[in-house]
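There's a structure below that I have some questions on.
Note that the chains are named A, B, C and D in the order they appear, and that numbering of residues resets to 1 at the start of each chain.
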Amino acid sequence: MTVFVAVQTDDFCQASEYDELRRNAGCGAIVTFCGLVRDLQSTTLSGMTLEHYPGMTEKALKDIAYIAKSRWKLGAVHIIHRVGTLKPNEQIVLVGVASAHRAEAFSACEFIMDYLKNRAPFWKKEHTAQGAYWVEAKVSDQQALARWE
Amino acid sequence: MTVFVAVQTDDFCQASEYDELRRNAGCGAIVTFCGLVRDLQSTTLSGMTLEHYPGMTEKALKDIAYIAKSRWKLGAVHIIHRVGTLKPNEQIVLVGVASAHRAEAFSACEFIMDYLKNRAPFWKKEHTAQGAYWVEAKVSDQQALARWE
Amino acid sequence: MIKVLFFAALRERLHCDQYTAHCATPATVESLLLHLQQHNEQWQQALSGTELLCAINQTMVSHSAEVVAGDEVAFFPPVTGG
Amino acid sequence: MIKVLFFAALRERLHCDQYTAHCATPATVESLLLHLQQHNEQWQQALSGTELLCAINQTMVSHSAEVVAGDEVAFFPPVTGG
């Protein structure tokens, strides 16, 4: 299985990752997830800073990819996560999975996101007109991960 | 909610659909599924012909999109399905979903594929060195749909 | 008069894409199938499978659904797109 | 000697990114935390939360995990990436 992991300040190109994932012979199903900076609380979000634990983030993302590989038959997993300051509508994260069958591609992609949300050392600080505040971890993310256990 | 549905002989561009889905305000999660022509039986697949029921296919895909909309809070659903003769590695189908939250985007995208596999009037005929044969419907696809009921 | 369409493997087995049925209406999908089966032995066999799907006016229906004059009725094997 | 790292909201509350702890080893994460809490009242409060996560040498561990000299131990709030 091909595993590609990146933690970067630069934007990524979803299309390039999709094209790479398509190259995996025998994989008829490609599922991608992308997360974007959005103002979901109707505050006036002007941006977001993503802090991370350099070194551990890459390791954590690779670990997550291999845990997924141990659970499903996968051809390739790509995970890209951005750090630094991002503006509204920018891309934050991409998870792409190629597999022979769609059920495995869907499960692995969602599992990786649920795992990443709970275990990869990234922290979001939102910048709004009312000030900057650290995003609180959500119980719903813990529950999402618990489903896979 | 934006619904875009197309049944076409021409190839589609996954990147264009992704870019369109990204434009939906308030949607922080974009999930896409793409299905490709693959030789999974290790026969010598030279291509595939996709027959459909013109008129009903577009209607069925729209129906499926609106059923998904009634179950989850979605910003946009794009479904593109190709017909005619396709070569190995060509794209067959794309389902793209934009939503505020990832769980809804994942569920809706997988649901749409499971529904499409069982209810949209498309039929695949595979061309191999041993001759051309109609693909048999899979019990696993029926079971996949039954999970949502 | 009912416009009947056949698709995929069923179309090939019947050597027919489209057929105009002149059975009494209102009918049911089941009774329309019995009517079509009388065409010849080939049709009798091909149209008696329990797996046969049916759409009336481009909406999937069960075999007990009612068919009225002017309907477009399609028969086809389980679908395999996606 | 243990290299201790702090991230995100915890880093801000402690006004500290990195700290070298000179407690007795082998220790546990729990005993290292008690050692760090003695620094001042600010540290005492910030480092006593039950939600605090810990990684030793860049692998997530529980608070009962063993810490040996030379380890890199990181403390941080629940993660919020993705």
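In this section, a contact is a pair of C-beta atoms (placed from the backbone, for glycine too) under 8 Å apart; a residue touches a chain by one contact, two chains touch by 3 or more.
Everything quoted here is computed from the prediction, not taken from an experiment.
Centre-to-centre on C-alpha atoms, which chain is most distant from chain A?
C
With chain centres taken as the means of their Cα atoms, state the distance from chain B to chain C in Å.
26
Can you compute the centre-to-centre distance for chain A and chain C, using the mean CA position of each chain? Integer Å is fine.
Once rounded, the distance between the two centres reads 48 Å.
Would you pick out the residues of chain B that each touch at least 2 other chains?
35, 102, 113, in rising order.
Counting only residues that touch at least 2 other chains, which ones in chain C make the list?
Correct list: empty.
Which two-chain combinations qualify as touching?
Touch list across chains, by label: A-B, A-D, B-C.
Along chain A, where are the residues that touch chain B in the complex?
So the residues of chain A touching chain B come out as 14-15, 18, 22, 26-40, 89, 100, 102-103, 105-106, 109-110, 113, 140, 144.
Quick check on the complex: what are the chain D residues that touch chain A?
Its residues touching chain A are 5, 7-9, 51, 55, 58-60, 74, 76-82.
Which positions of chain A touch chain D when the two form their complex?
Where chain A meets chain D, its residues are 35, 50-53, 55-56, 59-60, 81, 92-93, 113, 116-125, 134-137.
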